[in-house]
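Questions regarding the structure given below will be posed in turn.
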Amino acid sequence: MMQNEEGKFHDQCAVFGVYGHPEAANLAYLGLYAMQHRGQESTGIVTSDRASHHAEIGMGLVADIFSKDKIELLRGDVAIGHNRYSTTGESLLKNAQPVAINYSLGALAVAHNGNLVNAAEARSRLEDLGSIFRSSIDTEVIVHLIAKSTAGNFISRTVDALMQVQGAYSLLLMTEDEMVAVRDPNGFRPLAMGKLDGATVFASETCAFDLIGAEYVRDVNPGEMVVVSPEGVRSFYPFPKRRPAHCIFEFIYFARPDSMVFGESVYGIRKAFGRELARENPVKADIVIPVPDSGVPAAMGYAEESGIPFEMGLIRNHYVGRTFIEPSQQIRHFGVKIKLNPIKKLIEGKRVVVVDDSIVRGTTSRKIINLIRQAGAREVHLRISSPPTTNPCYYGIDTPRQEELIAANKSVPEIQRYLGCESLTYLTNERMLKVFGDHGADFCTACFSGAYPVPLPGMDIQQPGLFESLSAAPR
Amino acid sequence: MMQNEEGKFHDQCAVFGVYGHPEAANLAYLGLYAMQHRGQESTGIVTSDRASHHAEIGMGLVADIFSKDKIELLRGDVAIGHNRYSTTGESLLKNAQPVAINYSLGALAVAHNGNLVNAAEARSRLEDLGSIFRSSIDTEVIVHLIAKSTAGNFISRTVDALMQVQGAYSLLLMTEDEMVAVRDPNGFRPLAMGKLDGATVFASETCAFDLIGAEYVRDVNPGEMVVVSPEGVRSFYPFPKRRPAHCIFEFIYFARPDSMVFGESVYGIRKAFGRELARENPVKADIVIPVPDSGVPAAMGYAEESGIPFEMGLIRNHYVGRTFIEPSQQIRHFGVKIKLNPIKKLIEGKRVVVVDDSIVRGTTSRKIINLIRQAGAREVHLRISSPPTTNPCYYGIDTPRQEELIAANKSVPEIQRYLGCESLTYLTNERMLKVFGDHGADFCTACFSGAYPVPLPGMDIQQPGLFESLSAAPR
Amino acid sequence: MMQNEEGKFHDQCAVFGVYGHPEAANLAYLGLYAMQHRGQESTGIVTSDRASHHAEIGMGLVADIFSKDKIELLRGDVAIGHNRYSTTGESLLKNAQPVAINYSLGALAVAHNGNLVNAAEARSRLEDLGSIFRSSIDTEVIVHLIAKSTAGNFISRTVDALMQVQGAYSLLLMTEDEMVAVRDPNGFRPLAMGKLDGATVFASETCAFDLIGAEYVRDVNPGEMVVVSPEGVRSFYPFPKRRPAHCIFEFIYFARPDSMVFGESVYGIRKAFGRELARENPVKADIVIPVPDSGVPAAMGYAEESGIPFEMGLIRNHYVGRTFIEPSQQIRHFGVKIKLNPIKKLIEGKRVVVVDDSIVRGTTSRKIINLIRQAGAREVHLRISSPPTTNPCYYGIDTPRQEELIAANKSVPEIQRYLGCESLTYLTNERMLKVFGDHGADFCTACFSGAYPVPLPGMDIQQPGLFESLSAAPR
Amino acid sequence: MMQNEEGKFHDQCAVFGVYGHPEAANLAYLGLYAMQHRGQESTGIVTSDRASHHAEIGMGLVADIFSKDKIELLRGDVAIGHNRYSTTGESLLKNAQPVAINYSLGALAVAHNGNLVNAAEARSRLEDLGSIFRSSIDTEVIVHLIAKSTAGNFISRTVDALMQVQGAYSLLLMTEDEMVAVRDPNGFRPLAMGKLDGATVFASETCAFDLIGAEYVRDVNPGEMVVVSPEGVRSFYPFPKRRPAHCIFEFIYFARPDSMVFGESVYGIRKAFGRELARENPVKADIVIPVPDSGVPAAMGYAEESGIPFEMGLIRNHYVGRTFIEPSQQIRHFGVKIKLNPIKKLIEGKRVVVVDDSIVRGTTSRKIINLIRQAGAREVHLRISSPPTTNPCYYGIDTPRQEELIAANKSVPEIQRYLGCESLTYLTNERMLKVFGDHGADFCTACFSGAYPVPLPGMDIQQPGLFESLSAAPR
């Protein structure tokens, strides 16, 4: 699946933190740069010089927002940073992160990856108590809860606040001289911890560590709160234990293939998905081609397992992503062509297996199949390296509403007809989870099953699969 | 090899033309967008509304220079466009193309891919006759020769002018209502011709046709002049015939893999190079990894031929290319890391074959090998899908001076030691050309052999191979 | 005195509001444009479409921040706007106004001209109650007090909030469908009310009304709260009455000469100051020249009264104010010359009376006198159309600290020697206030006398004049 | 008359040169900054480091185009610079100056103020000889004539070239190590020479010298060529002598009042025009108000002579000139109001004399009079400090075509009725020239009389006044 594609998923954020390094702002800049794929709409860094905070937050890409001058203004040896993707209509500067405020105990900055399911409720309660809100993001709720808490110090207040929220959060919080890294008890979203020259670093993905030359130590655990302060690094587990519910989509699509996520190599898992997919439903074909870039490893795995030659039959234009003028004329399949171009010589007269990571609305897949057919393919067999996406995510991924999810509204044969391919197969949930061995139960697969590990307020408890998943949770 | 890398080659340009289409400017914009990889420093479009020319030329990327408003100002159904890469110090707006001027017969715009070897001489002669120069590009010489010609009409003047220049040129010339597409008699640089809705289109690479939905008809032939005018399309061969000397580097590195160049599929040729490379010098190894993106097809060919598994062991950051702040701190191998990241899990403990397309100075290759070794590779075997680059190009590719070319100054064993790999093999000239069958002799391989098909003025005639190549022409 | 001069005063803001006009955003834009002189660092407009708020706030000039596209996004028939000047170090986007937030009763936007003396105290109290602060501006305190108030509706909450603050405020507050205009009981800063096509408009100065073609109706009175809502326009006086303390500096320097402020013509008052100044201390001279632009009317009044010819002997460069590169070389008096140039032909050999509105640090005045002397003046007599500035302002004007005020540290003869002029005279407080007839006592002249109408928390009650002024209030 | 007003005149340029100063680029920057009023559309500086030229040319204001970085790139101790105003449709970068080229003798840069009357002819002849043109400006003709000249050196070639052109030119030409300053034999446009720290400087107006602290030495004389080279400063008079024809409009409107132009103080002349105007046609009135800024000195002169009090009754918004969004609603007299605001208190019930420098189309004057009347004036008497403008200028001032000049198409009583004022008087040509004493005959007044000192090619010799003026020329 192509990044940034209309009608596909978007992860909401990347977070990065560094404590105790003279080049904190620069490292945050690089870390965010390496994680640009997790959010392209806004970016921000807040540093602390141990006395006060310095912030630089803007709409746009990391390399466009931060100039050398700005990095130099971000003084201090502690920093947190954030990249954000947001849904249409709310892509405003006031919603950009980190959230940076002052309250009774001093300065506080927060970077958040994930989504709270009870944010609206909590916000309404806070407003009734006189709180004012500047943004429409759920992260501001956490900040208010900390400010309102009557607990004695920042750490206790943070625990107090987080006890009141439900959902997904991988958070970095920074005061003048402390940093807290915390993951929700289900561990929905990733958060890795590393070391660099004696400094402690945190990042959503380990590719950020690779760029800055930091060593990946371990993940912050689900429900764990890691506190870094002048006294050193301490770890707490202040929340009731819940069953792990790691986001499976990090492996399917979001994370960079060179990252370690939830302790596994993204590239390796993707290839394994491809191999399983080949076993699932073999087909006679001449070549296997991926939809770049996220489909590449799965297609390689598929090719290896099936013995059908792997070819890079669709070439991606690397300059896409910038502003682009739509032609006034109706050029056929233009929206896809600007990103992908098939190699005719390779495809002509061939039976082609196309491997993609997922289908959301189906409109783009349909255009891609058409493109390949126009390039002369004799047969097109679409293979998807995940199960049918039937349910929206409430834990930090920007999915369309259920009405727009093609798999929620059509059967697989119907989808195949709509897309116009000779065959269509998805990877089953079982085969997908099998790849993880014993840890197969540690994932959230709500987008495939509707089994939401943390229910939304007012969500019908009878929803298929929901009760089961909750009861399954090994508290 | 990575695009835009310091110390590697750069093609100087892409040209695009369209005659007789109501959306000429928009098509030129898209065509240039598809060929952005051939030049990122300046871009320009000149259109003709049959009465006068309209120009928009700027420093930067296609998608940054052309706004919707600007495209709308580019009225008319005829257009030529140009992307340019230039060497340091001459990256000035005045050198951006197309060159657009007025002379006695009216308006003239010219877009040029290639390099004239006798430009300095011709310029000096023209200045003695009172010509003034605004730029430091050789294209301006052609324009002056046309203006000075005493021939009766634009076509004759163009022939007259081109008879006086030597070297490489794939040119598009536009008056108020004519377009001329012409290639030098050796056919150094590519130039393809296509059709769209009855309009005639020209482009350096066919990937431009794919994006706009045009059909690729054929190449403009070496020494051919195609004239498109209200009377239709005519073809001439006004120049003395010479032996073909197509730039082999288009296949090795420059062209997009989805393009047809000199009538061949770039992707297919690259894979074939990889297969030959595997035959050339087999090695026992666990995985084959490419240096993305240009090394990918060769690595796939190598893997297929050798039976060693192909893996995407180096992941490229797609946001690179934008302005970037260098960290003040010395991060190890930073310059390479910002673009490439090895997947440790994949490489650890393995014997790795690394496939790249060429080595210029050797500094980047050295860093890449070091990166792979740090990721835990047990052995690193570097395979280059072209012969050693020993000589600068004078026909339109921006190569460093001979002193900087590592293969001109070190033996292969010395290079291997410098790079720090267990083995190093280049593809031989013979095997490389064998891939093209009967057409193997139709290529310029001067950068490997020093056998320059068109000598520079004052070039020592005794230079190895030079005499031979001259006597060979014209067939 | 020149606008924007280093080391002189700066007013903190202009506010503008319009209720019930289909072109609300456009009128706000024009009103702020007309009041650009009151604040050049940030500008913002918030509109209400009766359901929700739309905001556009940025750092820079009105004409640079608002594009046509942005104005179109500011939907609705209600708008408030703000221009701001801020002191160094706090010139940040987060401090730009209007402040726009959400709280329990809905959306709220506030634009504030003035300065609260007990903001720090109030803020500290609010933080203890769990409020979080995003900015360092006192306006945010008002917003929090409204959000925290337990009163039943927005109007009562606003009264409740303002009862808790002291100091200077001319405020515009906007909810989804109400606008409140309110001035502090002393009426420190101006606020005018007008009419346009049935809509109600508010502005700091009437020049904003002139540009949009609105009719000036009257000032919002000190301590008055004007509420505009779907029910119409209502007026309240909810605060204890205090004696009027209008800022005299609006007449001396800040306001545009074409504005009516506190019911008087700024131009007329300035000319009257000049006439009084001529009576105060006559001198034999050949010409009277103003320091443009603010010194012009006073110089004209001086010339009329004294009979000495008025000449525009100093010419102002109208392009100043934009970014400017300082020459590396030391050009004499450069800082002043870039703004002002004397007409030598006019000044040579003359006895010159120079009229300026005030002296702050004295450094600029010294350069101007030197410039005039170098142009050949035989004698230079400086006349200042206000009393010596000896005390900082705490009510919304950005004055330097007392240590930097030359008149707080030197006697008039010492200042004259420092400036290098033949004579120096200030307008006395008595003569200045005489110009206003019966209303002479209605002004705050704390910057000349130290008699602060509203004491700062912890301010020494023995401070000369302070007790007196307090006992005088409320009338 | 307001600067930049629609439908009024525009001077085409300012030129600045410095030879032999280590801070040449910086001085050029400052000089152009001081002369920004002479051209706001493009600006450029070319420097010479004695070996080669360095250029920086852009569309926009001096302070916006030149950054510190750019100034630093402009190496060398010799520089010429240029500000340009251009007519609509030709406001393109390719027409910006200085013109910088290479030809047989090396590098050449030219900055030109004025207009050649035989440029089209010369261009056509040059194109026939094979010259190519990049721009549509007449300055390029001069450059081509120099390049084509067969004379032995640069100086002789320049004389050769200028012998072939007719019209108005104040030129600065720069080679690697020479600078030539030259004025056409009629001396249409100004050009002053000065000294700074041993360096020679040239500027259109002396206000440029004032800012950089240079001393004004004298004007370059009509027909004089001043050559500055390593050998020193030399002067030649290579052209046939013609009668002086200085542009009278420099005094009426263009030049800054603090400049010396043609050896006279602009401010002083303007005041004298005002005094003559008062004598010409006295009227009973209460106040005299200028149309700022250019009408101020004349209004002061008028007030002094008539004894009627001078008042600044129209206040100018100093932020005008930047981009501005027109309100979608029709605000009455908006176009004028955004620039000028009358002071009602001053004007109400008064008989007002309004002094402006000239009337072009009459549309703006009409709006201003209406504005003053709406402010409550009892009578409005318009006084123009120049004769009726009846003819376009061909010597470097951008005037509308004769059909648009109100005075070419209506009688004075008709104009008065159109404008809606109680009376209208122009200054007569005789009284205007009387101000200059013996030098009254040294001016070009073609815009008032149609007596063109240098006829256009093909201009009807019977044109009223033309023959007379030519015969009058004291060669």
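Just so it is clear, A, B, C and D label the chains in written order, and each chain counts residues from 1 on its own.
Here is the rule we go by: contacts are C-beta pairs under 8 Å (C-beta built on N, C-alpha and C of every residue); 3 or more make two chains touch, one makes a residue touch a chain.
In this text, all values refer to a predicted model and were calculated from it rather than measured experimentally.
With every chain reduced to the mean of its CA atoms, the largest distance from chain C is reached by B.
Chain centres here are Cα averages; for chain A and chain B they lie 38 Å apart.
For this pair, chain B with chain D, the centres built from the Cα atoms lie 50 Å apart.
Our note on geometry: chain B versus chain C, Cα centroid distance of 62 Å, whole angstroms.
For chain D, residues touching at least two other chains: there are none. Going by the touch rule set out above, the chain pairs that meet are A-B, A-C, B-D, C-D. In the complex of the two chains, the chain C residues touching chain D come out as 3, 22-23, 26-27, 29-30, 33-34, 36-37, 61-64, 66-68, 71, 207, 210-213, 256-258, 260, 265, 267-268, 293, 296-297, 300, 304, 309-312, 315, 317-319, 321-325, 327-329, 331-332, 337-338, 341-343, 345-346. Those residues of chain B that touch chain D in the complex are listed here as 93, 100-104, 108, 127-134, 143-144, 147-149.
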